[in-house]
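Let me give you the structure first, and then I'll get to my questions.
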Amino acid sequence: MFLQQLLNGLTAGAVYALIALGYTMIYGILGLINFAQGEIYMCGAFVAVLLLGTGQVNFYVAFAGGMAAAALLGVVLERVAFRPLRGAHPLVPLISAIGASIFLQSLALLLFGPLDRSFPIQFSFSTITIAGLPVSSLQGAILGAALGLMALLVIFVRYTRYGKAIVACALDRDTARLMGINVDRMVSLTFFIGSALSGAAGIMMAIYYNATYPRMGLLPGLKAFSAAVLGGVGSIPGAICGGLLLGVAESLGAAYISSGYKDAFAFAILILVLLIRPKGILGGRGD
Amino acid sequence: MIAYLLHLAILGGIYVILAISLNLIVGYAGQVSLGHAAFYGIGAYVSALTSLLCHFPFPLAALSAIIFTGACGLLLGLPTLRLKEDYLAIVTLGFGVIVDLVFLNLDITGGPDGLPGIPAPSFLGVSFRSPWLYLVLTLMVVLLTLGLTYRLVHSYHGRALRAIRDHEVTAQVMGINTPAYKVAIFTLAAALAGLAGSLYAHYITFINPESFGLHTSILALCMVVLGGMGSLAGAVVGALALTVLPEILREFRAYQDLVYGGLLVGLLIWRPQGLLGRGKLSLKFISRE
Amino acid sequence: MLTLKSLQAGYGRLTVLKGISLHVRPGEVVTLIGGNGAGKSTALRAISGLLPPFKGTVEFNGTDLTRLPPERIVSLGLALVPEGRRVFASLSVAANLELGAFHRRDQRQARRDLAAIQERFPLLRERAAQPAGTLSGGEQQILAICRALMARPRLLMLDEPSMGLAPLMVNQVYQILQELKDEGTTLLLIEQNARAALKLADRGYVLETGRIILDGAAAELREDPEVQRAYLGKGYREVWE
Amino acid sequence: MSLLAVNELTKHFGGVKALEGVTFAVSQGEITGLIGPNGAGKTTCFNLISGLLPPTRGGVSLAGEELRRLPPYHRARRGLARTFQNIQLFGGMTVLENVLTGCHLRQEVGTLGALWPGAGVRRAEARSRERARELLELVGLAGRGDFPAEALAYGEQRRLEIARALAQEPRLLLLDEPAAGLNSKETEDLMALLEALQGRGLTLLLIEHDMTLIMGLCQQVVVLDHGKVIAAGPPAEIRRNPLVIEAYLGREE
Amino acid sequence: MAIFDSDAELLERGDMAQLQLERLQATLYRVYKNVKFYKKKFSEVGFLPEDCQSLEDLGRLPFTTRQDLAASYPYEMFAVPLREVVRIHSSTGSPAAPIVMGYTARDLRHWAKLAARVLTAAGVDRDDVVQVTLSYGLLTSAFGIHYGVELLGASVIPSGPGATARQVQVMRDYRTTVLVSTPSYALVLADQMEAMGVDPKNLHLKLALLAGEPWTEAQRQEIESRLYLTALDHYALSEAMGPGVAGECGERRGMHLSEDHFLPEIIDPQSGALLPPGELGELVLTTISKEAVPLVRFRTGDLCRLLYEPCPCGRTLVRLSRIQGRSDAVVIVKGINIFPGRVGQILAGAAGEEPVYQLVIGREGHLDYLEIKIEVREGLFFDKMTRQREFLQQLTRKLAQGIGVQPRVKLVEPQSINREQETSPLVVDLRK
């Protein structure tokens, strides 16, 4: 039971972590909370579902298409809703992001209707037993894919020229410019990558719960945001830890305390942590 | 038709109070709150429960709501106001979600079914069941709130608040006790939101958690931003506009939120000071660092 | 090579540089010295494009830099070692160096340059994988200089390379600058530490409260009481003392 | 008699020792200059004195009273006022309102009093306004009271900031680079203003890079370098002090 | 031909303008800060040092005159504390109010370098023996040259003025190759040699560097032919520095001005308006490197032109034409400025040699008239006497074209105009 909950938590947590990575990377480079991250997640899921619905493409193409659409949306969003507001009071882009979030949600509502859509392909997943624990291979696949994407991201950031450039921009924008790094381009790239990850998360969750709907991004988005803050906004390992931690806490809390308050655990933990460490677990020490 | 207009007017009045209270936090103390609907909801539930369970008359119920929400505001404000913008935003947002879930899960609040049969106020033998009378009551409260906040922001204390908003550190070295002011204004804003919730509960006579979720918090924030942060008239205009606008867009109901969202982003880009706001939101004087 | 004409720059409404003119010729080491608050760093920030000037012009090899963004300016061959080193603390030493060559098209050559620099400064090879933030102040300064060199600049600008360093470290950093000079690198050096800078430089300008008050051969300026006055404010009042 | 005593003041930021055992005193009625090369810790010192940062060790006392960990607003109450290196005016307010904000702590009004002002409160407000106008006149901003603070020229903003600090009726005024960004003429006007303030019995402690101003105005100069006091004394001595010259110009070899 | 400071002397015009702007801005700031006189003058026209954005902005500033300098006696014009001044000179001026000049150590170094530039341009090198017959004393005249020679590595004989017979003796015995003196003293020396029976051809003299008083091409020819050497002009302005401000190169096309230290302007002496390049007017100099006593827009009182055409010697420095007199000698006749020196030039052009002449201005009724008296000397005009009337008409026409006023030309007997005494007025104004 406990291990099962733990695994459930890890699966959800891995998805939160993927979205949280988007939040954290964008915050790292722009100091901005992209409230519309949940809608990007939703967009990824919808595009994948629609692509599969046409019956023309196979699953992997649809998956890639969903990620690409989400990535593109992220880049456009940055151009339209954030770039013109750079340099303004931090509140301004925050509210702009909320506006964008409302806009995208209602756009999806308009385009796809309020009803859930089930995922077009039925996967025949087996349940295997590992060490006496029944593990759905779907869970395993999601967890594996999410961890794989995270690993890819870490490799990208650590070992590629552009990855390092993104980190450099996040650390010290002026000095990065002195290296000849075009910060605007790096910001776009960050939005591209962060949004692609969120899109992937959306597709995974659409498969996991077999449901795609316009408001699907709201709660995972908020929780991922909490996860990012929990881990210390701007820190990539922080976002991963925060996401996993939150998923597990939520799953265990729902199982052992009250399922009705499932969604509250994430925020309760967050508030408590922030009161003790105002900059998150892995964030810099508050002063 | 008239009944419908009356309904809109009353709701508009309630939103005005809500927007003004949030504007105190955002526009005058320079803090962000993404969970303001929680106070609004707490006020509504407290007022409803005290009248349902303790049979408090409306004024007393409303007063209980004010005091209780004020206390909640104080309790939340004391530890969290030292957090910076983004963090405060997420904490208030979390607070809103948690409160929403509490409404949804407690027995006393009726869970998702909500509380029906909240009595309409009666006052010195006059029942305010009639929408006309309720409108009068609402307007009175609105005027009172406006008068109070107007006095406040144009007083000695208002100056201190604006100083804090513009430059907290500087306000401190000018001898302004900034933590006290921030907590006080947060408490006051919570209490006012509670008052708005109380008015709402007794007008609609049925409440459920749906009315007090994140959506409402964001709606309130939009009202403030639309009207212009730090402008009382702006809060009024913003609240009324966002009450009326959906009705005008009724035929295009589906597009309503689309317009909202687009409007918000567009407004920030083209007129960052809001419709009636003074000065720029960007709180100029961008420092050297 | 580099020509500033009546350059005015500042922050918001604050005008720090009140119109300075100076020039650097190829192969020269020029220093801009002055007390703090004189506007030295502001000058470099304005030249490098980080701070768009209010008025006046900056010209580099015939190109007007005045309205160009820093990333363009770097690719024209003007590199800046910023004040306080500003290494990317959580990135590895090697990554810092690689980023210095970010804008270059010849990445293969850049990798050879990296190897050459590591050859020359074994410290940077030994610590290649270590986060740059773990280096000592002086080591970070050397890293920052090498990072700028990775851009293969035609003119290297340094903003207070001695700031916050112990005297021994200052000597070491200046030793490196001397070597660069001997190799014919053109340098524009901003310093508060006038003595060290004037020993290295061919020519110097003395900056006082946003204006150039004196220029001349470095050897001459070293002896000039006006230099001291620019720092320590000996005024005209003293004439009658 | 010393009005301000800074005693063994120490501040570490993580591993960085911004200030290390700084001790000096500011005498009543004098103008004291705090100078030093970039990064010497001058502004940190100001922030510690005004209470914006807690010290790692050591203390500050004003007129014999140890300020310990008093928050800035309580220090202001005890007569400490300051200005900032990068002017920090309340941009949304008029010039007069800015000065009135400075009057805040000398004009105690209860919450009820503010909402329903009685005669006493109104009189207090009128007195503050009167005083604010006088101060504006003193700094040469008479007639500018209703301008938005942002609309003032840079030099005027500097003077407004000083007027606002004066409205606090301080015993000690800390000025952080008051001449930064001023042109030659404005700097002279500033010197005249500061001299006039001293004439009114105000004690001043100022950080400044314009040495002509420091040397021309101060009775005492304290020199910081690498977070330590390396010299203190009258200006004429300071500029002959080899340690000071070395701190500024580098080591003679 | 050697160039002493090729960096500066061969600087492209654009680079020179940049350097001048840099130094001008610094100088203006320094004098504003340190010299009350300038602060007052600048304030009167509402000028702050930061207002100087380009070289043209200099034109907004008022002039500094010799009267200003005299009124600042002794140290009011000093921009540095006295303890930093290592040398003090003084010009004669009027005895009541001499002008005091100060030099910092750096000023002296610059002085030597600039003098060395002039000497090198004239062709002096380290093998030369330079005899300085200028005065060593309060006046600046000898010192700049003296240190310049030393800096070059040539030998200097500080013989000082006077004791002409001994000068000749020294010149012969010490094998002087370069004579530094005033033009008139060079002729005195020639007379002395004749009197002593020393043939200049047997001396080692090859060059004379002359300055100190306005002189003419005719004088140059006389000196060169009598002393068997090349005579070159240079410009010494004691208020600005002393000798070394400008000097001729072997091309003899005017004196190269060290523009990196002195910023020249030419103005109309009457109106003060800036004149276009090439026009004759009063030279105004701004010192842009001096520390002790910088001068902003100093009216030299010397009339000349600025020649910008490239010089074959390669130096890009602007050249001063031969000083053609003093602006205070300018006379206005019928509203037109007349430079007496210009008259001499025209006469020399017409006669092949400059005669002794004098301008007399008078008034008949309400009308001014200008009369030019010319001495008739042997060899001069004699052969033309036959066609006197025709010649005079021609001369008058030429003069009228040159100076803009129709003069009366009158030939007078030799020795009737006394110009040997320095006080002899070139101009007699009978209107006053």
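Chains: A, B, C, D and E, in written order; residue numbering restarts at 1 for each.
The rule is short, and it goes like this: a contact is a pair of C-beta atoms (placed from the backbone, for glycine too) under 8 Å apart; a residue touches a chain by one contact, two chains touch by 3 or more.
Predicted, not measured: the structure shown is a model, and the values here were computed from it.
Quick check on the contact network: minimum steps from subunit A to subunit E?
2
Find me the chain with the mean Cα position closest to the mean of all the protein Cα atoms on display.
C
I want to compare two interfaces, C-D and A-C. Which one has more contacting C-beta pairs?
If we tally the contacting C-beta pairs, C-D comes out ahead.
Hey, how far is the Cα centre of subunit C from the one of subunit E, in Å?
Here subunit C and subunit E have centroids separated by 44 Å.
Calculate how many whole Å lie between the centre of subunit D and the centre of subunit E, each centre taken as the average of the chain's C-alpha atoms.
57
For subunit A versus subunit B, what separation do you get between their C-alpha means, in angstrom?
31
Please list all residues of subunit B that touch 2 or more other chains.
Touching at least two other chains: 283, 285-286, 288.
Any chance you could list the residues of subunit D touching two or more other chains?
In subunit D, the residues touching two or more other chains are 86-87, 183, 212.
Send over the residues of subunit E in touch with two or more other chains.
33, 49-50, in rising order.
Given the complex with subunit A, which residues does subunit C contribute to the contact?
Listed in rising order, the residues are 48-50, 69-71, 74-75, 79-80, 82, 86, 88-91, 95, 98-100, 102-104, 107, 147-148, 151.
Report the residues of subunit B in contact with subunit A in the complex, numbered from low to high.
26, 32, 79-80, 82-87, 89-91, 93-95, 97-98, 101-102, 104-105, 214, 218, 221-222, 225, 254-258, 260-265, 268-269, 272, 281-283, 286
Give the list of subunit A residues in touch with subunit C in this complex.
The touching residues are 161, 164-165, 167-168, 171-172, 174-183.
Given the complex with subunit C, which residues does subunit D contribute to the contact?
For this pair, the touching residues of subunit D are 37-39, 86-87, 153-154, 157, 177, 179-181, 183, 187, 208-216, 226, 238-239, 244-245, 248-253.
So in the complex, which bits of subunit E are touching subunit D?
Subunit E residues touching subunit D: 32-33, 43, 48-50.
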